[in-house]
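Look at the two complexes coming up: chain A is in both, with chain B in one and chain C in the other.
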Partner chain A sequence: MSDTEKGISRRSVLKGTAVGGIGLAAGGSLLAGCGDKATGALAYGARSVDAGPTAQNEALIAAYTAKTKNEVKYNATESNAFQNNLSQYLQGTPDDTFEWMAGYRMQFFAEQGLLADLTGVWDAVGDQYSESYKIASTGLDGKQYFVPKSWYPWGLHFRKSMFADLGLNADNVTNWDEYLKMLDGMKKKGLVGFAAGDKGGWEAMGTFDILNARINGYQFHVDLLAGREKWTDAKVTEVFTYWSQLIPYMNPNVLDLEWDGAMQLLLQRKAGSMLMGSWFGGNFKEQSEADYADLSIIPFPEINPEHGRDTIDAPIDGWCVAANGTNNDGGADFLKFAGDMEGVNATLAATDKDGKLIPMTSANSGQDTASYDPFQKEQLAVMAEAKYITQFLDRDTRPDFAGPVVGPAIQSWFKNPKDVAKIQETLQSQWEALPPLA
Partner chain B sequence: MSIDVELQQAATKYKNKQKVKDRFISAIIGVFAIIWVFPIVWTVWTSLRPYKDVRANGVFSIPKTLNLDNYTQAISRMELPLYFWNSAAITIPAVFLTLFFGSLIAFVVSRYSFKWNVSLLLLFTAGNLLPAQLVFIPVFKMYITLGKALGIPRILYDSHWGVVLIHVAFQMGFATFVLSSYMKTVPKEISESAMVDGASVFVHYSKVMLPLLRPALASLGVLMTTWIYNDFFWALVLMSTDSKRPITSALGRLQGEFVTDYNLLAAGATIAALPTLIVFFVLRKQFVSGLTLGSTKG
Partner chain C sequence: MSSTAKDISKVSRRRAFSKTDRTTLSAFVGIPLFFHLLLVWIPAVLTILLSFTYWSGISISRIKWAGLANYKNIFFDTPAFWEAVKNNIVWLGWFGLIATPIGILLAYQVDRQIRGHKFYETAYYLPVVLSLAVTGIIWDFLLRPDGFINGLMGRDIDNAFSFFGNYDINIYVILTIASWRHIGYIMLLYLAGLKSVDLALREASSLDGATEWQTFKKVIFPSMKPVNIIVIVITIIESLRAFDIVYIIYGSRGGLPILGTLVFSNIAGEGASMKGAAYAVILFVLSIGPIIAYLRATFKSDVQ
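Presenting the complex of A and B:
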């Protein structure tokens, strides 16, 4: 990436267009003046081939094309493949607008000049979003590179009917001791207390996130993930100490199960609780409406009273515009529509093959929360209690650190929970061995 | 007479001994066959079960229903015609070009002696040792740079030809190696008499050597087809438009972002494996003879 392509302000682009704009076409964001007028055909890169998101995207694109007459070419890739290949994708011949994640994952690519500046979009629709979304959409240079679509919280999930059978009240599980007592009760009944799977390497990162935030607080957590704190810190040791207290209540085959194996334990009423992102509710809904109605979520219990339950992992999904795309203008214009309540409504109106609405918790504050189903309302309540929002470990730190280093480190900890010191040293030395960011 | 009886007894004894031995060997082969076949059978078995059933009752539960629903769903979700066409557009040219170039190089290095012929063979064979993951960044950058330089960004990157080329480059080393060792078993006298009869280099290659190479080409063709058809990596990193990618990528379409329906995936995998099986059965005779031919010098 040449440096001239980075940090182009709207004003300099305007000047640039005045002198022909040659050479800026590759990386410049020609946002100025994009309104309802035609900005031309564009390509849309979807990060999912699932039925639900596809129906939502199609509804959104249809509404956009109907309004602006701009054609949209749809290019959907399976999410893991898309994610692993994103660096190449953005350097090559990317689609103009593509689905991506907020926070560090976005900033990483924005820093390399691969994303187009979306400040103009935020000028237009920014007042429809709360401040935390804007922060999550902002790159390190203070400009916005991302437009949020939806979010979901990470919390403790359980089945209401199981809690009723066990004589438990979820409202009484607010701190660590109460939680351990509850897990103990479940264990005595022959149940798995804390369903866990970490075969994929990412699942347990959510547990690390929440334990670290509860014990050491939000600031330490983000500083640690950004490399400003050390993994060898005694505070990190503390996290593993608390984590090891959960091990007796976990299913023994943690490393043999992926997240869905853990979910099956909950679905089959073999496990009492599971820490996971609420997105998996879709699986319960698919199984049966009764199972979905039975699903419930509470915030992870408090450990350190100083921090209470003030932090939550709530990943935000949304869109970016690729700087190397052929129509940056069109991409930004599309996102202006998608980010506006008009686009959000079009997305929310999408239905699945049975004609049912697809549940989505939109990032736009204009979404009527009265239309939420009970499970979504609980998610909202869990979210509302938190003061700080984190994205999830693999979104909050360098991608070349999260997947290749943290994932295996946690897996090796499951194999030998006593080896904490060695694992912490590995994590720190691997972080230090990372190449500097371009 | 007594000698006859003794002989007969010895023969029966030998036969019995042989029988025991045979049975023992059969048993071992049988065990290996079961180990070998098990994953395939399990895949097919999985593909017949609905995911809903597995999710509710576990993988090892006794199924309530067995049906072909996963297949119908896989076929509709994978957009089979499109992705099969993409696979064909990549695999067929790649296999033919690999065999063509491979046989040309093998012909030169094995039939003509010049200063660098062994080094040349080594160079092509050594190319095999480079893992794809090691060279994909330079290849990717090269494709992008070339596209930018020519003003046609998709000339190699994100095009079928780009993927075909990289497959040819990667597989040629192995093809050269196999074909040259096979050619070395063809008696030199054939070449000599061809040259005496006045055959030019090209006639020598196309009219004399190529027909003799048929079994080797067929077996190599089957192998190459399988390898190139099964590739996912190059198609992923060298393409950005999913609708241009081969069938291996279509399998990804059956995999959700969060939910992986392994039963559906098993059905898709079974469907995707069919073409390689067909190619194998069509070329089976040549394949088997090609494997053994060339193994002995003669």
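Presenting the complex of A and C:
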């Protein structure tokens, strides 16, 4: 994925990351105690209570314990609750290692000294990851604080069987006009064209991201999220203009549905397409193998030929070690195992209650892409077409802006799509009213 | 209370206090007072101080003085605040003019032992047993797009009737849900009060030929003053501190902004900032203002 390297590194530079620091040979003193020596029992904080991830974690932990004899205490929290409590959790008595996200959201906590330095882990397993992942795992001080587990792309998802029934060919949906024409055809058949939900306040951020990147390009998008461009810019107005062209093809109850509601529309064949992260494929698989096999993804269509389809939201999930944990060495030792192909294989071998493998696209380059199922291969193709990788709006901008400001602003746009100018002004004034960064 | 009674109690109290009494008493007063200060007043004062700072909630050394910036931000740059104020006012109006009077009316009817009063009493009181969070979950199951009601109406998720996402009606949907519980709560409070009203008063008024309504308005209601105060204060507090139902149904981001969720969404999670503290202070001032004013007025008239 050499293409992706460029994307993340450029973005990181723009964000002021000291990329120069990445190459530093790290001391690895933290991990001096690792290796064959037992590092003792540790606690693992999971950011999900869903069946799939839980089975994966259990398999990984079992393999780690079998190898090292170190006991691992497993604490799982529902993901929203986990995120809401993270600051307090990390300042209190956190688990030694916990699940988190790469990029800005990791850097924010690393900056505050709440994450343990993982350069030692990277010394041990770093050669199994492409440079882009290392950069996404690196804090502003040039040290690594994160070990990636998996990635997923955001793209247009649809059901192959529905496209076949409608006589559509996904290869012919490459630009905006073709896409609108397709949506129109779906509407005439009584279908929802573009399944959307934004009750959770974050779902539609993905649509904003991709429209902004398609219309105004990667550079403008990252500059906007970093505050170097203004939300009142006519280019942002343009994003909402295009977005409003999708409204007639959306389900009317966008603010009633969360992501899973939108997914239901696709699952129940009531909607023809949905923009979402491919992670929900696991839910299709839980439903039935046939539903999963029917699922397909293509890149969001081109709008501005100047930018083509060169940008994609592809968030990376993984782990950190909490600096305030009781056993930092143990946490790092665990991540050395989890990040190594040995741990990745243990995770990939996890099965659900029906004994079926749980799909995962690992960040580790050791996972043989030939072993990918067809849907995963499509994800890889979508990813490979992109030149620039972004994480996601709420992972790419200040946390006190994304959640409390952008989320409600997009919701109020859904309430009244004519209010664009007012919404843009509010976004800009609230950006300017943010406290200075420490 | 006459002044002589006060003096007597003072004197007798002074006499009766032995050393053990004093130790016991100071322990009984002191320990709760200590915890009250520690858990209520110190955090409250700290919150007020923090509302004048910039801080992400991580490491105390990073706190920076912000002056009035957080308040300026809220009042001038955050439209969600004014939406929330509007919603809280609607909430207060609905509770004050609809839910609370219905609760009182029910209490009065149940107290008169109308037919089936035991059933009504149980039925209306049942929701009070549930926490607001549970109430929210139950109604979410009923009213969500793939929920029970839409199922009954034969509507699928793609053409479901919008209870929570239609912003012309959703505040009233939420208020109906909240009232479901609030009415029972008020009914119970009022019922307890009505039980203590002297039956002779009622008999006297009916002998004098007063109608049911006149009896209630002129005799029962005024004699229930202490309960009335509690009911009014509770109605105000419940309307302003509303949070649980909205949070359960909409989560902390956006949805239906009310002051309670704004406090939460700005102070919890990664986006934590002392704007959340400022919201909390605004909410504190709004709730304590009317209550102090009302209590003062009441006690004044008591003294007179």
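Going forward, the second predicted complex is superposed on the first by the 405 of 438 C-alpha atoms of A that agree within 3 Å, B and C clash if a C-alpha of one lies under 4 Å from a C-alpha of the other, contacts with A are read in each partner's own complex, and residues count from 1 in each chain.
We take it that a contact is a pair of C-beta atoms (placed from the backbone, for glycine too) under 8 Å apart; a residue touches a chain by one contact, two chains touch by 3 or more.
None of the values given here were measured: they were computed from a predicted structure.
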*asked:* Output check: A:G331 vs chain B and chain C. Expected answer is one of first, second, both, neither. What do you get?
replied: neither
*Return first, second, both or neither, reflecting whether A:D400 touches chain B, chain C, both chains, or no partner chain.*
second
*Figure out whether A:Q268 sits in contact with chain B (first) or chain C (second), or with both, or with neither.*
both
*Is A:P94 touching the first partner chain B, the second partner chain C, both, or neither of them?*
first
_With both complexes superposed on chain A, which partner does A:Q287 reach: first (chain B), second (chain C), both or neither?_
first
*Answer with first, second, both or neither: which of chain B and chain C does A:N85 touch in the superposed model?*
both
*Just chain B (first), just chain C (second), both, or neither: which does A:G113 touch?*
second
*Which one hits more chain A residues, chain B or chain C?*
C
*Using the touch definition from the top, say if A:K199 reaches chain B (first), chain C (second), both or neither.*
second
*Could you give the residue numbers on chain A that contact chain B in one complex and chain C in the other?*
80, 84-85, 88, 91, 264, 268
_Partner chain A, residues of chain B touching it in the complex_ = 52, 55-58, 140, 143-144, 147, 153-154, 157-158, 236-237, 240-243, 249, 252-253, 255-260
*For chain C, which residues count as touching chain A in their complex?*
54, 56-59, 62, 64, 66, 69, 72-73, 76-80, 144-146, 156-160, 162-167, 250-255, 257, 265-266, 268-275
*Over in the complex, which chain A residues touch chain B? Could you list them?*
45, 47-50, 53, 75-81, 84-85, 88-89, 91-95, 258-260, 264, 267-268, 279-280, 282-283, 286-287
*asked:* Quick check: in the complex, which residue numbers of chain A touch chain C?
replied: 80, 83-88, 90-91, 105, 108-109, 112-114, 192, 199-202, 251-257, 261, 264-265, 268, 270-271, 398-404, 407-408, 411-412, 415, 422, 426, 429-430, 432-436, 438
